[in-house]
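You will see subunit A twice below: alongside subunit B first, and alongside subunit C after that.
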Partner chain A sequence: MNKEVKFSRVERPGTIVLRVYGPLDASTSPRFLDECGDIQSLGKNLVINLAEVPFIASSGIGAIMAVADAYHEGQLNSVRLAAVSPAVSMVVDLLSLHEFLEIDDNEDDACSKLKAA
Partner chain B sequence: MNRSPEAGPPAAPAARQPGAKTASSSRRYVSLRWIMAGATCALMTALMMALGFLAERNLRRVMTAETEARLSLQAQNLALAGSSALLSDFPELTLNPMAKTMIERQPEIAFVTVVSPDGRIVGDAELQRIGQRFVAPAALEPEGRSHPGSRARLLANRTLIVASAPVQVVNGRSLGTAYVGYRRGHIDEQVDHMRRTGLLWLAAFLLVGGLATYVMMWRFLRPIQAVRAGIERIGRGDFHQPVLLDDPTEFGMLADALNTMSWELTVARDNLVETERLSHEMELAQSIQQSLLPSARLRSGAFTFDGAQRAATEVGGDYFDSFELPDGRIAVAIADVAGKGLGGCMVTSMVSALLKAYSVIHSSPSDLLGALDHCLAGLLPRATFVTMFYAVVDPGSGEMVYASAGHNPSMLYRRRDGSVLRLNNHGAPLCLVRGDRVRRTLSDSSIRLEPGDVLLQTTDGVNEAFDPLGAEQFGFDRVEEVLQRAAPEGADAVLTALRKALDDWRQSEPFTDDETVLIIARDPAPVDEVRSDGEAPAALVAEALASGHALRLRAELDALDGLEPWLHGLPEVSEFDERSFRALHLALYELCANIVEHGYRNQSAEDFMVWWIASRRHFLIIDCGTPFVPAPWLPADYANPEIRRRGRGHGLDIVHRLASVKFYPATPEGNITLLTPREHAARTPEEVAQ
Partner chain C sequence: MNPDPSNTGEHLEASHQAVNGDADAPAGRIWRRNRRDHALASLVELNTDLANSTDIFDTARLLLLALMGQLGTSKGMVWMHSESEASLPVLLAAHGISKPLARAVVAASSVSLWRLFSESSAPVGAWDIDGGIGYATSTLIQEAGLVLFAPARAAKRFVIVCGLGPPFGQHRYGRVEMSVLEASMAVAGVSFANLDGHAWQAESIRRLRSENEEFRRREELNARGMSELANAARTPISVLRGCLEQILERAGQSERAAVEVARASTRKIESLLDWLSVPPDVDRLMKDAHLDGAELRQVLDDFYRDRAASAACARCELVLNVPEALPDIHCDAPRFSKMLHRLFDEALRYTRAGNSISVRVSVEESDPGTELHVAFTVGDRVPQVEDEHAHGSFDLDTGWGRVRRAGLEHLSGLANEFGARIEIRGLIGDGGALCLMVPVEIGRRKKAA
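The block that comes next holds the complex of A and B.
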């Protein structure tokens, strides 16, 4: 059985919002990394909307941390998470990743903070 | 480190004693001058003897013929004179003076006699013989040769040649016979005389010829002395004084060849001296390099610090060391100096000495490397730099603080999930740039070495080893593969496997750079710790088969989607609140994903089983993949960026945070894993409080 994960992009001034629909696990994480890498190469900030992620495995959370570190090393742009689902929130809490991941309640807040920065 | 005793220099050849005769000096020589003079004399003698023999033979024949002709003529003249004399009354008055005159003029004539028909002497040089009967010499034989137109007759014996001619009047009446006798000895005397004369000439020629030959040979062979002196100088090792000989003959050519040979010997001797000097320097450098390395592995607590170095033909500047600091921590270092030979070794010696001194001053590895950079910058020539990795390990906590100055990345094998991390560095090599700018690139990093972990550090001689075609380097990926394969067996296995892999890669090609390896290995936790609950695996399986809810899963990641609906179908689990259910699902998913990825390596043809035993509120998983023995769990420190970036190992960390896990690897039933969810594990503190 192949799991489905879909992505959509919303253009904001200086920022692209990536909406994720589906689980993030070992099968789908590579596609997620490709999407984020593509956006980073455009030289824009990134907001990842994780509201429609029903399940996230260690590979998925590893992929998110890798994206955050890539943006952090690049220093030109930033990445924020928005509207994380309960499944994602549980893992972030479990691993105490709040210190390393910028998380907002919704896309607008995330975009505003990026614009202000 | 035990070193094999060095072979001493080869024994020098025994010095030649003054005055000792060599094989050549004991031989006797004959001068070419004497040989050539003697040969010339012998040749001239033989030639002149042959010519003299031929001349003598011809002379004897000619003189005999001449004598015979003259005798015949004289006999005829005597007969003609006798014919008129015999008609007179006193023939002796005519014939006697005539005979006397002939004998006086020709002493070689033995007798001149005219004989009457009755055999009485009527004319002779001696008057008393007149009237006596003529007795012819004995044993006269006719001489074979005759002279045309002559009436004379020749007779001869061993001592005389006798010519006779008839004395006749006009009417042919015989009046007697005229005889002229000639002594053969006269001819022999003439020939002997000529021979003696010839021998005198021969002696004169030999004397002159021999002297001339000797003088000429002396003149021609005079350059031999110069050539000989030159050869003897070369034999004594004096190659700088040439053979000065301006000679147009082959000796001049030989002298030129000697001078050329002498020059080439000078060059060869200089090259040999240089080669021996370099060889000595190389031995010295290798000796120094070996003396800087630890003589044995270091053990501290559960840690083993080991290393190995294989020196290339050309000595490099590789270095590694491990030693205990005053506070009980262990310092480890590995370095590669850009520069080879004795110079590289000298720099390595400085690095070693400075490292030992600074290690008790600077607790921070980056500070120590910065101090090294500052000190070395004032000592090393430009374009000489050092790559170096330095770390301090606390054997009690397993914490390793490290910094790297442009050295190869460290590779860390994680026992708990079998992964290999590369600890990259961003520091610049020491002394690459001056003015303490290197210091600003250095920083400390830390990582915890867990039970069973193995950290590998190498110099570039390892990853840059070329294949036999010289087309491809060994590379970091192959180093990582070897580490991942051999690390579960410990430090020795890694050293052995890496050496074998490099030998196989390089085959018979010699290595051109030192291969240096440093290993830090922490002992794995005993397996007994994993099975400490005292429950027999067979009983667990029997209980699961009797009362568990089973799920068969294919060993592929997509098949794990079946976990969630199966969990929803379990009565006890379906009563969990949403967050607890998610936690349970996540823990079970991560554990099964670990089995699929590492136990079966994603081979979907295999199946494994999951049971839920409600009475014990745990899951039991049986698989037949590769047994998996994780290290004791310690929460991952996500403050460490290396931990965040590695992308592996998070799964088991999540599992351990959510549940209690026990592993029973390689039982008769298979690999058994027990997963017991922790109560409230996934709840926030606020939820727990409520």
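The block that comes next holds the complex of A and C.
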């Protein structure tokens, strides 16, 4: 399996969309956490687009939980997931995390909800 | 911990049923099978990932993320128990809990949990620690939001403890989650024991190698001293032999035998001196610093490989921060390496367990517009501690007095030999540091010369 992961950022008003390209596992989760931590330190809302994540390991789910918790603790900004891939969706369903993680069908919906909040 | 009877049917399944209806329906059975498969796959992943990890702090972070993902919780921490009663346990990783709070929980609960886990390796719920912890500790655990503690053991030795927050939407873990947790901690226990053993072994080998080098250096010094002594003694012996030969020319029969014996003895002494004055073949280390081009990245890689284990043995993390592009500097690689090791030894001596020591390489100008230097900054980081309370490895107030006390004056002299120098620095919010400044241009000029 290709263990490379890439990230791209798209600026929206008050929000940064982080697009993830590649698997989220033990080797890539630390970079994912760094990216999200960096965005949180900018004082922006975060939308994580997981459409191009073909595989997610427990450490990847743990990293998403950690990011969600960090935003929750910070209180000033929020995080939402968007366009989750089938691989991610299956694990989120299995662990019933859809009630904890706020998930939208696409980036636009996620950004609109963050703007309205 | 006995799982909550109301929750033994796996809280996740209950949640799934609420959404999808009867658990006995085909969809429920498929979900159960998928959940079991996922748990198994998670264990396999964890096993593989831990096998590839070489650093206790990285491994702890990885374990924690994996457990959070497997069990659906957003809070957790991992700490390592110390073998020595005099040492405090060391926090290795925390998520969703501030580091000061996590450290306080570790310090407060460690002894109670150690007693509990000495008797049983089963995870224990925070509220099931009957009478084992006091009110203050209990309050700290509550504040951290931890509901479960699980130990990892290897070869009947208690290695690490993991504290976890509640699973999302629930207060307690179900049977499946407890099984997954116990299996994961068993895997982690072996991994941490191996890492720890590997670090001690690597550190022992490094020390042995270092002592061998020191022994060889002393041997060389000894040989050189003998050689110099022999050279110094050769002249008086020659004078003595000449005198004896003069006496021999005028000596009578009765004295002749005694003078012959004396002359033969001087020859023996001369041959002994010849033997002593053979220069040691490893004399090269005593030569002046030579400014060959040092494979800097190689030196740094070797340094990290050698010293990450030293840091692990001291329960500290070594963080090497090297830019992608390094300028071409010229220095005496063995001496440079020795200096880096000495600076690191100094940091290691004063950094408390659980903190990290950073070796940062950067290109700097001493003053704007002046010569470029490559700066090797060795310092400790005291994360999550306010600046005014951060106590670094290097006491900046005492300045060079401290450097002299630490025996680094000699090191400073070594650095000066190839135009480098040692500076004391404060790292904002990061404690203190010593910095080795190696000039880029001076090195080139000396090489050209």
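To be clear about the criterion, the second predicted complex is superposed on the first by the 115 of 117 C-alpha atoms of A that agree within 3 Å, B and C clash if a C-alpha of one lies under 4 Å from a C-alpha of the other, contacts with A are read in each partner's own complex, and residues count from 1 in each chain.
By definition in this document, contacts are C-beta pairs under 8 Å (C-beta built on N, C-alpha and C of every residue); 3 or more make two chains touch, one makes a residue touch a chain.
All values derive from a computational prediction rather than experimental measurement.
Colleague: After the subunit A overlay, clash or fit between subunit B and subunit C?
Modeller: Clash.
Colleague: Of the partners subunit B and subunit C, which touch A:41 in the superposed model: first, second, both, neither?
Modeller: Neither partner.
Colleague: Just checking: does A:97 make contact with subunit B only, subunit C only, both, or neither of them? Give me first, second, both or neither.
Modeller: A:97: touches subunit B and subunit C.
Colleague: If we overlay the two complexes on their shared chain A, which of subunit B and subunit C does A:25 touch? Say first, second, both or neither.
Modeller: both
Colleague: For A:55, using the defined touch cut-off, is the partner it touches subunit B, subunit C, both, or neither? Pick first, second, both or neither.
Modeller: In the superposition, A:55 touches subunit B alone.
Colleague: Just subunit B (first), just subunit C (second), both, or neither: which does A:69 touch?
Modeller: both
Colleague: Scan A:87 for contacts with subunit B and subunit C and give back first, second, both or neither.
Modeller: A:87 contacts subunit B only, not subunit C.
Colleague: By the touch definition above, which subunit A residues appear in both interfaces, subunit B in one complex and subunit C in the other?
Modeller: In subunit A, positions 25-27, 57-59, 61-63, 65-66, 69, 90-91, 93-97, 99-100 sit in both the subunit B and subunit C interfaces.
Colleague: Would you mind writing out the residues of subunit B in touch with subunit A in their complex?
Modeller: Subunit B reaches subunit A through residues 557-562, 564, 578-579, 582-583, 585-586, 589-590, 593, 597, 636, 638-639, 641, 644-648, 650-651, 653-654, 657-658, 682, 684.
Colleague: Where on subunit A is subunit C touching in the complex?
Modeller: The contact residues of subunit A facing subunit C are 25-27, 29-30, 57-66, 68-70, 72-73, 90-91, 93-97, 99-100.
Colleague: Show me the residue ranges of subunit C that touch subunit A in the complex, using the header's touch definition.
Modeller: By the definition above, subunit C touches subunit A via 12, 15-16, 31, 34-35, 38, 42, 45-46, 49, 52, 61-62, 64-70, 72-75, 95-96, 168-169.
Colleague: Where on subunit A does subunit B make contact in their complex?
Modeller: 1-3, 25-27, 55, 57-59, 61-63, 65-66, 69, 86-87, 90-91, 93-97, 99-100
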